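Sharing a structure here in structure tokens format.
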Amino acid sequence: MEKIIEVKNVTYEYTDEEMKIAVLRNFSLDIEKGSFTVILGHNGSGKSTLAKLLNGLFKPTSGDVLVDGINTKDEETEIEVKRRVGMVFQNPDNQLIASVVEEDVAFGPENLGLSSEVIRKRVDDALKTVDMYEYRKSSPHHLSGGQKQRVAIAGIIAMEPECIVLDEPTAMLDPKGRAEIIKTVTQLNKEKGITVVLITHYMEEAENADRVIVMNDGEIIADSLPKKVFSQVEKLKNVGLDVPQTTELLYMLQKNGFNIDTDVISIKETAEKIKSCLEE
Amino acid sequence: MLKDITFGQYYEGNSPVHKTDPRAKIVLLIAMIVFVFLANNIFSVVFAALSVFTLMYISGVPLRMYAKNLKAILPIIIFTAFINVFYGDKNTGIVFEVWKLTVTWGGIYRAFFMATRIILLIFISSALTYTTTPNDLTDAIERLLSPLKYVGLKSAVHILAMMMTITLRFIPTLIEETEKIMNAQKARGADLENGNLKQRVKALIPILIPLLISAIRRSYELAEAMECRCYNGGEGRQRMKQLHFSFRDYIACGVVFAVGAVIILLNILL
Amino acid sequence: MALLQVKNLTHSYGGSSPFVHDAVSNISLDIEKGEIIGIIGHTGSGKSTLVQHLNGLLKPTEGQILLEDKDIWENPKEIRKVRSKVGLVFQYPEYQLFEETVYADIAFGPKNMGLSGNELDKRVRDICRIIGVKDEYLNKSPFDLSGGEKRRVAIAGVMAMYPQIIIFDEPTAGLDPAGRETVIKIINDYRRETGATVIVVSHSMEDMAMLADKLLVLNDGKLEMFDSTEKVFSNGDRLRKIGLNVPIVTRVFAQLRNLGVDVPEDVFTVEKAVEVLKKKAGEKNA
């Protein structure tokens, strides 16, 4: 598979009161084109720092991050990197710039210096993709959290990126908003072929991923298919991760002597597993 | 309460005034103000007033909306008129004298002119803000200032426009946030309604500090988000929305300058 | 006599307001001393409007709020006293911290009640002991604490007024599991120490099943249900109709019944589920 992002032996340090603190140390990771990767980790596991390294918002203290072969350290090509790897943040309020939805979505393409016809088309397409077209003339502060976050995603896809990194996009949303965002993101990956890196601490959001990476203290402690990662509940709980109630149930059954795996998340599969376990 | 503050004064509508290009509107309404101030005899002032009333009528915005804006500034008008009454030429005839103050016919005439002009000025600027969204206004100002880029002020024009855009975007957010913080502190027993001036100013600290911290955090996050969207200080930036001068705008220009011409003619001839 | 009575409460926001607010209409309910009540409803269903009436931040358009049988708006000048009796912890309460030290911030509430000197000091230190604010933090700036600790201090700031009723709006929002456990523990500790009534607004049905004795369900500003947690969660269809749901484990059990496994309907927590399934497996082996 072709790689869109390569993180090579990256160390990232920041200085706090003259103390050097390393968030990541000698960290390596490849993201494949077209893949859907979920990065799980609790607050302070280094996952947000990693996200900001992926599009050059942070520069590695040592080591390199390559996007489509372009080094993010290269100042000449900074815009190229940011266009290829779009980024969506946690707080939807703090990433919308204009007071009309369509003008906000246009902000990225406008910065790229495209012609006004091309911008118009991209904005309309992006808003349709996230199902916010009918709100194009609205003001962001009249929208719900989930809707605002979808506008933020539209603002990124209007730049036609190859990869989109979402840093805890659902953390401030209600269940309805969370579901909207996960649906939108899954669609972007499956239908538009955009590479997705979703950073979260909700394990159930990893259900549709191709690959799940678990981070703790700046290190990868698990990197595999969702099912394989979910089967290690103990490990996930130990690093302070949120485990959905289905997994929790299977795990508790396992601890109570049931011969059962914890590698599923959906309600349907969980019920089926319990049924077959009872029938054994 | 804060939530009663309506930001911007846009009054939704579909009138010819609404539809006029915002750049043309700004320039023409400034021209109107100049003409109103040029009017120096009773005929030209009456004509100017009639023109402004026609504009207000065409705008489709209810008269009470205009009256509301006028009410806010009425004390200033009365005060200005009152002062003017005493500053007339005594040769125009003395109406009455009290102590050292002399009210003259000339003074009254001046006061009348002054008041009329200010009132018309308010009506004209209200017509602009009622019929143009804050966004369109910002856009128009940016574009009207764009010639400044030829004298080396390109980034200044861009920065000003960007600041206006972000301000418009964040004012409702910050008002909402202020309300939330006020409620949170009230829930902790803060007294925001009573007390003397000093106590009231002190009572603002628990609101202003969290608000300031939050605004700083927001601006930091916004800066990162803008960077992620390839913002580069306006270098090579294109706009999606292009403004086009239409036939309607040329007609508007013609009408306004005709009004100006009539006012000047009335000044000279009568 | 109920501790807090809501009688025919209606609140409508003026149409001119530029902000979207959720109104409530004709709500009546009684809240007893020592209960833990959960409020559920989708965004915009009127939850925040309702709770802001309980401590007098909003004034009813119609109807009354009675605290210990007395209308809280009987004397509008005294409304601040109500706010110290009915504490309200807003969502993300750490954003309201403002003082130079943790101690001063926690003391803000009791000071507004008119306390000073030893009495004030005792209150602050007592609440810190009860909910575990470390002594060494007291002279630190609240802004130097971690996210979870900031929230603990912010909650202490409301608890230091020792309200008889304490309301939490999404108290665990934005926290990781460790942070969530801490907040739940704080709530339980306060309740054990003071016997206070606790009202929690939350989106998590799973948390509600563990925490609440009774559930208050709001839909479009109207009281949809107000009953024991078990009774409310037995009405899955009714909840789904208004965009809510039962806890995930309850849904797993419903699915099991669909698959022909004979399991009871009234399973709302993982503990109960494990117990039921263990019994079932035991029966089979026997």
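Each chain gets a letter, A, B and C, in the order it is written, and its residues are counted from 1.
Assume a contact is a pair of C-beta atoms (placed from the backbone, for glycine too) under 8 Å apart; a residue touches a chain by one contact, two chains touch by 3 or more.
All values derive from a computational prediction rather than experimental measurement.
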| item | value |
| --- | --- |
| From subunit A, the most remote chain by mean C-alpha position | B |
| Between B-C and A-C, the pair with more C-beta contacts | A-C |
| Distance from subunit C to subunit B - Cα centre to Cα centre, in angstrom | 46 |
| Separation of subunit A from subunit C, taking each centre as the mean of its C-alpha atoms, in whole Å | 31 |
| Per-residue overlap in subunit B, given as positions that touch at least 2 other chains | 172, 176 |
| Interface hub residues of subunit A, defined as touching at least two other chains | 141 |
| Residue list for subunit C, restricted to those that touch at least two other chains | 19 |
| Contact footprint of subunit C on subunit A as seen in their complex | 42-43, 141-142, 144-145, 171-172, 174-177, 201, 237, 240-246, 248-249, 252-253, 256, 258, 267-268, 270-272, 274-275, 278 |
| Subunit A partner contacts - residues on subunit C that touch it in the complex | 19-20, 42-43, 147, 173-174, 176-179, 203, 206, 243, 247-249, 251-253, 255-256, 258-261, 270-271, 273-274, 277-278, 280-281, 284 |
| Residues of subunit A touching subunit B in the complex | 52, 55, 57, 79, 82-83, 86-87, 89, 91, 93-100, 102-103, 106-116, 119-120, 123, 139-141, 152, 155-156, 159 |
| Touching residues on subunit B, where the partner in the complex is subunit A | 134-135, 165-166, 168-169, 172-173, 176, 217-218, 221-222, 224-232, 236-242 |
| Subunit B residues within the subunit C interface of the complex | 3-4, 6-7, 172, 176, 180-181, 183-191, 205-206, 209-210, 213-214 |
